[in-house]
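Presented below are the structures under discussion, each in the form of structure tokens.
The same chain A turns up in both complexes below, where it pairs with chain B and then with chain C.
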Partner chain A sequence: MDKELQDLIKKLLTEKKVDYAIGYEKAYDEFSTRPAFVTSAEDTARLIFNKYCINNLGLYLTKLKKNKIALICKGCDIPTVRELVKEKQFSRENVIVIGAACDGVLDKRTGKQPEKCLNCGVKQPKGADFTVGTAKDSTTARNFNDVAEFEKKSSKEKMQFWDRQFEKCIRCYACRNVCPVCYCPDCFAQRSMPEYLNKNVDAEENKMFHMIRMQHVFGRCTDCKACDTACPVNIPLTLLTKKLAKDAKELFNYESGADMDARPPLSTYDEDDPESGIM
Partner chain B sequence: MAYLIIKDDIKNLLDELIKVKAVFAPKKDAEDTVLFGKLASGAEWYGDSLLTHTTAKDKVYLQSETFFKIKKDKNGVFLEDPAEPAETVIFGCRPCDARGFDIIGKLFNWSGFVDEYYTKRIQKTTIITISCEKPESTCFCTSFLNGSPVNSTGSDLLLTPLKEGSCLAEAITAKGEAIITGYSRYFKEAGAAEEKAKIEFKTEAEKKITKKLDLPGIKQKLDTSFDSSYWDTAHLPCVKCGACTFVCPTCYCFDITEKAFDNINSERVRSWDTCMSELFTRMAGGVNPRIDTKKRFRQRFMHKFNYHVDNFKEELCTGCGRCIKACPVSIDIRSVIENV
Partner chain C sequence: MARIGVFVCHCGTNIAGVVDVTRVAKYAGSLPGVKVAVDYKFMCSDPGQNTIIDAIKKYGLDRLVVSACSPRMHEATFRRTAERAGINPYMVEMANIREHVAWVHSDDKELATQKAMKLMEMAVAKVRRSEALSKMFAPIEKRALVIGGGIAGIQAALDIAGAGYKVLLVEKEPSIGGRMAQLDKTFPTLDCSACILTPKMVAAAQDPNITLLTYAEVTEVCGFVGQFEVKIKKKAKSVNSKCIGCGVCTTKCPSKKALSEFDEKLAPRKAIYTPFPQAVPNVPVIDRTACTFFLTGKCKICEKVCPTGAIDYTQQDEFIKEKFGAVVVATGFDIYDHSNYGEYGYGEIKDVITGLQFERLISSTGPTAGHVTRPSDHREVKNVVFIQCVGSRDEAKKRPYCSRVCCMYTAKQAMLLKDHYPETQAYVFYIDIRSAGKNYEEFVQRAQNEYGVLYLRGRVSKIYERANKLLVKGADTLSGAQVEIEADLVVLANGFEPKKGAKEFAQLFHMSSDQYGFYNELHPKLAPVETAISGVFVAGCCQSPKDIPDTVAMASATAAKVCALFAKEKLEVEPLIAGVNQLTCSGCETCYNVCPYSAIEMKDKEVKRGEVRHVAEVLESVCKGCGACVGACYSKAVDLKGFTDRQVLDQVETATAPITDN
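Now for the complex of A and B:
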């Protein structure tokens, strides 16, 4: 599969169809990979794809806006590209999506498959310009059982759980910075005039940061889990992003990055909109 | 003089220490995160992981340190000093973490200036370090002068696990000595055989660290590579979060801000800041000398392996490898500086 991928990218670079190919390369040991930026056909040999390719490379689209890019995407990363195109952050003509068939990735921190892989409907990528490889597994329908289970807890239990999580938070902003849809050049958390968020790191301020971020990405977050896997102290942000996806689906029948024509729920108004709130 | 302590007695020792001091040690939570947490009993100590997810740095150099509180009552406005720090024990540090305290301690006492907040805390802190039996692929402490899985710099008491289920305990400072004399029932004198076993331990552990950096060579290269085109591409994968700097035992940059509760009551707080953040160098009026993400990326490596060496004759790094593990895109600090 690596060879097929390398040849395809070599061809795209030689034919000058793209300036950059963004894929994966081996990082510090055999259990880790990191994003690789390839600009010449001779350099493609370092590109690989394996079960440690956990990053969502869609993140880099908004950082290289002026370039033509070939982007290696797992099935779960492709909604990110669609979402960014939909938000007019990048034009679809400037990106060639290379779908990589994936049998699930492993989290380098735990060595286990993240929840999204156990519950994945896109192991064979859908909507790519080129597809490399064939996924072994059949796909399973996405379910929200874990969120539904969490919702059953009392408000007090939920608060205790999140207080414990946000006490750990060191506000490194890794979650925000790896988020493909958190591309604001001037994030509210960095504003100093006026200051929305104090630099003081404590459970309350941290909670405020995460709650505001979640509100900002509602209806845009494609639930790619980049924030969850980036967290250096393992805060299960997946519970929050999945809750956003569940609410968007159940309240507005909307799925981020799925339908190019559907209006994002928070940018439109309908008299029949539910009023139950989103959090 | 070296002593021996049986591994089972370590928990008893912790129980005793908890009665008189605040004891912080690696603790595991429901998400498998191992962090330095305050122990309620010795049994809570989790000693099986090599490195905690974050360092013990935040127990001495707080992530948010209140300098003073501003209060108002009917007699006027007055300042309230923060409470005096409590007697603290940091147990289960690794040699790389402990050496971090030595490095930032020099900075907080640089050229005659004494940072009272840091100094007060470190004076009341006893650091008990455990030598590393199983270094990982991200470890590179042996690249540094005296850096080793059994290095005692920065520690008060160094424990080295030996084969027979006991640890060799060596007091490095008076504070470490006080632990051994104060709880002497848990310690017995070690002989020459145990001291020899420690040397074997050191050789074995160091063998597991395969990556060795040529730091003087790297410093020389960095001296002339400020304008190198290398940085134009090297920074591309970096997402400019602060994970690497906040988990680092030696990164010390901070910002001082005011936190207002209402119009009168407020406090002045020093919080960690990161050179990866755009806000770090943004000045009043909006000018920012490091607006470019490339410049911010370059700064981190230049500071650690070039500027700090000029000022302190040692690198601002202990080789713990936490930044490599914490990086969301697995950037390896070793290969970044080697490939310059």
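Now for the complex of A and C:
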């Protein structure tokens, strides 16, 4: 599969179809990969794809707006590309999406497959310009059972749970930095005039930061779990992002990065909009 | 450092009766940046304003807080005061301690005073961050759109045109004239309605400044005062401009299935028709839902008989888009449909008719040429019962309002009946008589005393059909007796209700309407013809039921407003609008998508040297300052002038801090 991938990229680079290819390369040990930016045909030998390729490379699109890019995407990364195109962060013509068939990645911290791979419907990528490899059967439909289970807890229990989680937060902003849709040139969390958020690492302020970030990415977050993977203190952000996806689906029948023509729920108004949040 | 002056108003006892104003002023004096804090009986009065001006000069103030009434009431006043004293008018903040405190918290003076102190403190926090803003100007398209060709629309159009401005008068029906054209005589003078209306219709048609557009509807509106862009649908008339109005087509048309809207469905009309003989313009239209040719593909008689070849079956609906500086909405009313009044036969008894149908029956241009006969068997009538307040003053029918004209038109109709047929007897069931207006009460008295109309105070409980007669059962509450009248005809005084589709129409302009659907004026007393949308005015019964004199007065008032607007060289625009910091804009187009006024433009722009980015820009003359974009922007690149995030957050912070009053 690596060979197939390298040949494809080599071809694209020599034909000058793209300036960059963004993929994965081996990092310091066999369980680690890191993003690789390849500009010449000779360099393509670095590129690999395996079960440790956990990063969502869609992140780099917003940073390389002007170039023509070949981007290696797992099936679950492709909605990110669509969402960013929709938000006019770059034009679709400037990116060639190379879908890599994936049988699920491994989180090297736990040595297990993350939750998203366990109920993944896109092991064989959909909507890519080129696809490499073939995945084993991937018919599992996505479900929100774990979120629904969590929702059953009482408000107090939920609050206690999150208070404990956000106490751990060290405000390193890794979750924001790896988030492909958190591309604001100047994040509210670090503004000083006015100071939307206190810069102290403090349980309450941390909670505010995460809640505001979640509100900002509602209807835009493609639930790629990059934030969850990046968190150095293991805050289960995936529970929140998945809740966002669930609410978008259930309240507005909207799925981020799915339909290029659908308007995001928070920037449209319809008389039939649910008002469950309004007292 | 800011130099702030705080001025606390007593508003007589309106505020001072509840709030300890001296304590508020004393507390204000202790706040950082506040150089002077005083209280005064009426800040808005001349001496009150002079106190402010003197304080500005004496203490070198550069910003003001006025703790008084709602900014809707006097913000403009105090901005002008500041301007007179040489301060930028946008350095003024108001703390509303009347509506928000004194009027709603009169039960707890201590807490009310604390709230007043807090609101004042918040205003101080906000004004500290205020920035000087300057007024902006926008061009005005000096052309008015009048929607609705009834007497209100005609009058407004004539008056605006008389001042020398161009007017486009749009009417949905094939002719202008509206409801007034349907009436026979008008109260209280009993002059012929058509005789006084027709000259106005003709004048409107002949005025070089007025363009008539009949059989047309407004479908889309964008823009704002001075620059409305309106899309109008010209419905296909199927008759082109060669028509000379000879009427041969109408005479020869074989189709008689459709019912005449003008005659209130009392008579059939042809498929090609003008609504009434004096129609303006006198050009017929083909009703495609009734025309034999459009239904079956055969006929074309009108085309054959037309001497000028004016019939055009291929005509299509046409859309035009034009610009206007101001709009007069005069869309009129509908008559209440009494089919949900069980006691009056659910609208199914043929000889129970509406007041407007009676107008058509007694009118010499009506279907019976002025002979009042029963619609069921065309027999002449002897006893006629009039019932008032049908769909008016009736809580159960969700029409609790008074329609204002029914008492008068019933008296008029009873008199006309007696005039035409001296041997008839008219009975009127009423709740009470409302005849406020010049010569109105005398008119009703005349109906009773000279014409012998029998007024019975009470309601009708049931109408039966029995042996070619209608048996009307009711109560006469004055004598306490139950009455039964054998009538030949029952005329209901149907009230007014909003035109069908009034709410949808209001949405085109973002106008608001009341719970019934009548359009809301800006202020019930002081701005009765303006709406919340600047540049859009209302006239006539679309705003509330009213009689002809009131309608004409209101229409002329809208014309005065339009002319006042057009007399200005340029339009002053409030600078309280959004602005984008393009350095922090990520170009995600969220603001562009949420803006209800299309006031955001996306541009590729060099934001830093050598860095061209896709960013948002606010079109200053289009922005209304609603703030939707500010809330939507993730990167906080948009801010609302006069309500910046810094100001609002400072207010929030102040609001949540305890009062340090000692």
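A few remarks follow.
We take it that the second predicted complex is superposed on the first by the 277 of 279 C-alpha atoms of A that agree within 3 Å, B and C clash if a C-alpha of one lies under 4 Å from a C-alpha of the other, contacts with A are read in each partner's own complex, and residues count from 1 in each chain.
Please note the rule applied: contacts are C-beta pairs under 8 Å (C-beta built on N, C-alpha and C of every residue); 3 or more make two chains touch, one makes a residue touch a chain.
Predicted model, so just to flag it, every value in this text is computed and none were measured.
Once the complexes are laid over each other on chain A, chain B and chain C both fit without any clash.
Once the two complexes are laid over each other on the shared chain, residue contacts for A:174 go to chain B alone; chain C is not touched.
By the touch criterion stated above, A:200 is placed in contact with chain B alone, chain C being left untouched. Vertex at the C-alpha centre of chain A, arms toward the centres of chain B and chain C: the angle is 120 degrees, rounded to a multiple of 10. Looking at the superposed arrangement, the partner reaching more residues of chain A, out of chain B and chain C, is B. Within the superposed three-chain model, A:132 lies out of touch with both chain B and chain C [touch as defined at top]. When the two complexes are overlaid on their common chain A, residue A:188 makes contact with chain C while staying clear of chain B.
Of the two partner chains, chain B is the only one touched by A:27; chain C is not. Of the two partner chains, neither chain B nor chain C is touched by A:81. Applying the stated contact rule after C-alpha superposition, one finds that A:235 touches chain B and leaves chain C untouched.
When the two complexes are overlaid on their common chain A, residue A:89 makes contact with chain C while staying clear of chain B. Superposition on the common chain places the nearest Cα atoms of chain B and chain C 5 Å from each other. Once both structures are placed on chain A, chain A residues 195 are touched by chain B and, in the other complex, by chain C. Contacts from chain C toward chain A in the complex involve residues 583-590, 593-594, 602, 614, 632, 634-637, 645-646, 649-650. If you check the complex, the residues on chain A that touch chain C are 87-89, 183-188, 191, 193-196, 216, 263-264, 266-268. Contact residues of chain A toward chain B in the complex are 27-29, 32-37, 39, 55, 59-60, 108-110, 164, 168, 170-174, 176-178, 190, 192, 195, 198-202, 226, 229-230, 232-236. Chain contact summary for the complex, chain B toward chain A: residues 29, 31-33, 35, 53-54, 63-64, 137-138, 233, 236-237, 239-243, 245-247, 255, 257, 259, 269, 271-274, 277-279, 282, 324-326, 328-332, 334-335.
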